[in-house]
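Each of the next two complexes has subunit A plus one other chain: subunit B in the first, subunit C in the second.
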Partner chain A sequence: MSALRRLSPLLWLGPAVALIGVAVLWPVVVMVQSSFQAIGGEGFVAGYNGTANFRHLFDEPDFVSVLQRTLLWVVVVVVVTMLISLALAQLFHQRFPGRTVTRWALIIPWAASVMMTALIFRWALDPNVGVINVILHHLGVVKQLGSGQADWLGNPTSALAWMMAVAVFVSLPFTTYAILSGLQGIPDDVYEAAAIDGATSWKAYLAVTMPLLRPAILVATLINVINVFNSFPIIWEMTRGGPGYDTATSTIFMVDLKQGDVGESAAMSVINFLLVIVIVVVYLATTRWKEQVDR
Partner chain B sequence: MNKKIASRFSGGVALAAAAALALAGCSSSSGGSSSAGGGTTTLKLVVADYGTGPANASATYWNGIVTAFEKAHPTIKVTVTSIPWTNFDQQVQTMIQNKQYPDVTEGDYFSNYAKDGLLYSAADVLSDPANLLPAFKTQGTYSGTQYGMPFTTSSRTLFYNKKLFAQAGIAAAPQTWADVQADAAKIKKLGKVGFGLPLGAEEAQAESLLWMLGDGGGYQTGGKYTINSPANVSAFTFLKGLVSAGDTEPNPGTVNRTDLWKQFAEGTVGMINGSPALIPIIQSAHVLTDSDWTSVPIAGKAGPLTTTLGVCDNVAAFKSNGHQAQIKEFLDFAYQDKYQLAFDKEYDLLPATTSATKALASDSVFSPFLTALPNSVQYPSDTSWANVKTKVQQTIGTAVTGTPGTVLSQLEQAAMSAS
Partner chain C sequence: MSATSLPTTLPTAATRPRRSLRTWLIAGTAYVVAAVFLLPYLDMIVMAGRPNSEFGDPTIFPKHFTFSNFTTLWSGTGLGGSIGESLQIAAGATAVVLLVALPAAYYTARHRFRGRTAFLLLVLATQMFQPAAMLVGLQREFTDFGLASTLSLIVINAGFNLAFAVWILNAFFSSIPVELEEAGMVDGLGRLGALLRITLPLAAPGIVTALIFTFISAWNEFLVALTLSLGEQTSQQPLPVAINQYIGEYSIDWGHLFAAGLVATVPVIILFAFIERRVVGGLTAGAIK
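Let's turn to the complex of A and B:
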């Protein structure tokens, strides 16, 4: 009886463990296995391929620039998202008429399908008839519709900037809510104490709010990094990574490789996976998250 | 923070890590089954959509055939899935990678499917395979047996807007690259796009080949990839000059054929290479009348091309579900002349069977295209083409903004290592 009793936690843990095993760990195993096999475009395994997939991948002329772009993409999108969200959360923490409505409205970019959002932006940026271009044309910013200047998504630099803006747009709701809930967890009396000590509101923000918000910022950043790193629909719908691979991140590159060579594509996934882990570990180490949460 | 919250928090981190695992190891799959119950067989038909909108969607054409077919064959059901051309190759590839095989596809066919033993041969699933146009036999053939069955064909010509030409004071049709350059510059002065050059991922391999042919180049010479040949480099160097002079639309490497054809139909593009499929787009836009545009042979370096790109879209029949008899019933039905002609009327394409071609030979619009078909140039037919084509589609457009030689030599290397 007591032996059975000791096993009873398994009953509760079992389903969750099984789910993680089947839905998370097993695909990872298959991914790593595939990266060492010769698999053509039709998905047939033609045997062990050694490290050839990886060598192929590293020899791709665009490999290094794709990785660099991926890092730039993650850093810019996450940093900008965090900064705007901090300000937005502060705003939504204030009492003002219509706060409930505006808080609800913030959900919209989150609730809408990312693919639809990306498509809408692509259409709005059409060089001839896109609504953004038409407005910019009326304002005199875009000199001529249909020109190279109006073709935002045709030029790799401006295309990347616009896609980053869309990525920030869809990341804001989650991040803002995460920080907002952190703000609501800070008791009022610490602000009273700060006021008595003569702190200005900016000083109070830096010395009281920020340190107490760190756990919330930490989680929000972490989830954003992972999300943005693997972000696929925005780039796929807006430029497909083109021209060439000039706006492709590693996820787009992986999908494109998959059409011709599943093995090499799996090798790209493995590199992607390792990169995410490295970034997360470095981030956790530099922010000393254990001290943060154990305090 | 107390211990209880801390443990809940680290649970959150674990969850985030698990999410990372799940996202990184993500794989796609989609449902789809063909069941046999009560003596009824369901065939899964996957077709490319040639339509320009809901009014002429290919699903409508196929549903018409299917309705008539099911009436005549009560024990066979056919489900039609239609996929836009831009995604067709990728979605079919994904179905195959995931082992969710269709029974019949109509669109692109690749010989690697035949190589992997996935397909029935033409003789397996057609009562009269000899009726398929012989000109396209090589393309559908893998090691001596025909697997790809042409369903519709087309050839390419150079379309130009006569109205814009008159406004720009150009009297003659463009015949050489120099003509194209001079005419495009004049049309550009009218504030329009001189030459529409769709080198975006949708069909860059077709547009590129038309220019390669202009100086006697192509993807292959004697069955070997020669993408970086001097002729091809000269073609792309010419295009680069055209692009940098602003005589094309901006950033051709990101512009797709579908979008540019629509712009030609709107009257904002002077010249563009097109197939008969452009005609219904022009007509449905109601901007250009029939006398406002015309089409001539593709311009080459020294003169108009005597050969052109002949494209056929193929039917392929997949073995995996074992529906050979039912597929044969269906294909024999669908290949009837009346359906061939209906398809060609709907999309201004050309038939792919000898009997249907004979029925069309007297047609004034189609006969010039038909006579050009037998000596048309086609895409490579070897098993590496599927892979090479993807790379060409994605990157060849950068040759007109970067260094043509570098881009073409990278493509040639990729093609060599794939074959």
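Let's turn to the complex of A and C:
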């Protein structure tokens, strides 16, 4: 009986562990293994390749700029998302007529596929007939439809800015909801106490609300960093990382390399993977995660 | 809409506070924000209804409206096959997640045992990984298996959505008092009977949330689907991949693209509205525990 009892966790958790093993852990092993193999375009393994894949990758003329752009992409998108979400959460925490309906509108970019959202914006930015350009033309911002100025996605700088905006747009619903649920966890008497102490609303926000929101902000930031780092559909559908690799992040670069050299693409994946782990660990350490979350 | 006339027209006037200018300012701002979130998707409807002859016109709305983009979706392009493929993947992944997550979540909620923390950390780790980060590994593992892409995508989507289901179900099971189950067992239901008749129905909201969330995320998944279904006939590719058939090298068939996009997004937006309030808990619970 006691032997059976010791086995029972295995029975209940076994399927979950097996699924994680097959779908999540083993692919990591295969990926690391692939990064040291010579693999042809069709997936044919030609043998052990030492560190050649990594050396090829580091010698790519675009490698450094792609990594820098990835860092910029993650920092800008996550910081802007967090700032706007803090404001939106404050707004949707208020009582007003029609709050339920407006909250439904807020979740749409979260429920819809990111790929479709990216395609909508690609269309809206079409230099000749895109609705954003048509509106900007009416407003006098875009002087001439079809001009270089209207071709936002053809210019690497403006393309990146627009794609960052789309990435923020699709990240806002989750982040706002996460902060909203944090706000709902703060009892009203905390605010009343602050008001009695004579705190103005802005002061009360910084001194009372923000510290209590820390756990929600930490978790939301972490999840956003991971999602934004790995984000694929936005850049893929709007510019394919082009012109050249001028708007590619490391995820796009990795997918593109895969068509030519699977081994080198695996090497890029390994670098990506290590980067995510480093970012997460540094983030957890600097925010003193445990103390914050355990309180 | 005036703030003074409202309370008098409502029966609960006495209990309802008068709506101040501040409330209406807040409401107005919220309506504008909501419109910003809604408009891109409404534009999808406008585009799907725009006749081909008007696609070169720089106008916000077309002069005429047509349904032909919707009716011609089904002929030739084989979108029906893709919808079926996506349904299989999403439903399959959902079924696998439920079968696997239910026992795990229940056991970790009810028992303290060696390896419990290790298991929960493992689940948390899967939430930190994204399929994009290990795409090469996924592709090589599953093509080496010789598994059909449909089955591979079911397993992969199930694996990467397991964490959410485990967190939300764990939270629900933990909130159901053991005494309720024990009472059921005393009444002669037996352990399994108590679990099936008492605990599972009480956890139903959590189960529905996990179910819908997994379904939507498998339905929307793009990168792994694109990678594993490469080279297949369009009608056998999952819907998000198949939609890309309307993007040609030199021109894009926007009308069909957005008609298909509506088919792909409207159902999941409606589904998502049902679970909206509980989803955040499932996504963030693991990191806080």
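We adopt the following convention: the second predicted complex is superposed on the first by the 295 of 295 C-alpha atoms of A that agree within 3 Å, B and C clash if a C-alpha of one lies under 4 Å from a C-alpha of the other, contacts with A are read in each partner's own complex, and residues count from 1 in each chain.
Keep in mind that, in the parts below, a contact is a pair of C-beta atoms (placed from the backbone, for glycine too) under 8 Å apart; a residue touches a chain by one contact, two chains touch by 3 or more.
All figures in this text were calculated on a predicted structure; none of them were measured in a lab.
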Larger contact residue set on subunit A - subunit B or subunit C: C
A:L145 touches, of subunit B and subunit C: first, second, both or neither? second
First, second, both or neither for A:I20, with subunit B first and subunit C second: both
Contacts of A:P211 with subunit B and subunit C, given as first, second, both or neither: neither
Touched partner set for A:I226, first subunit B, second subunit C, both or neither: both
Partner chain in contact with A:P243 - subunit B first, subunit C second, else both or neither: first
Partner chain in contact with A:S181 - subunit B first, subunit C second, else both or neither: second
First (subunit B), second (subunit C), both or neither touched by A:M31: both
Touching partner for A:D256 - first (subunit B), second (subunit C), both, neither: first
First, second, both or neither for A:V276, with subunit B first and subunit C second: both
Residues of subunit A at both interfaces, subunit B in one complex, subunit C in the other: 20, 23-24, 27-28, 30-31, 43, 128, 215, 219, 222-223, 226-227, 230, 258, 262, 269, 272-273, 276, 280, 293
Complex contact set, residues of subunit A against subunit B: 20, 23-25, 27-28, 30-31, 40-44, 56, 61, 127-128, 144, 146-148, 150-151, 153-155, 159, 215, 219, 222-223, 226-227, 230, 239-246, 256, 258-262, 269, 272-273, 276-277, 280, 284, 289, 292-295
Residues of subunit C touching subunit A in the complex: 19, 23-24, 26-27, 29-31, 33-35, 37-38, 40-41, 43-44, 47, 55-60, 96, 99-101, 103-104, 106-108, 111, 113, 115-116, 119, 122-123, 125-130, 132-141, 143, 155-156, 158-160, 162, 166, 216, 219-220, 222-223, 227, 240, 243, 252, 254, 257-258, 261, 264-265, 268-269, 271-273, 276, 279-281, 283-284, 287-288
Residues of subunit A defined as touching subunit C within the complex: 8-9, 11-13, 15-17, 19-20, 22-24, 26-32, 34-35, 43, 88, 91-92, 94-99, 101-117, 119-121, 123-124, 128-129, 131, 133-135, 137, 145, 172-174, 177-178, 180-181, 215-216, 218-220, 222-223, 226-227, 230-233, 251, 254-255, 258, 262, 265-266, 269, 272-273, 276, 280, 293
Subunit A contact footprint on subunit B (complex, rising order): 1, 5-6, 9-10, 12-13, 16-27, 89-90, 93, 96-99, 112-113, 116, 118, 191, 193, 200-201, 246, 249-251, 253-255, 263, 268, 386-387, 390-391, 394-395, 397-398, 401-402, 407, 410, 417-418
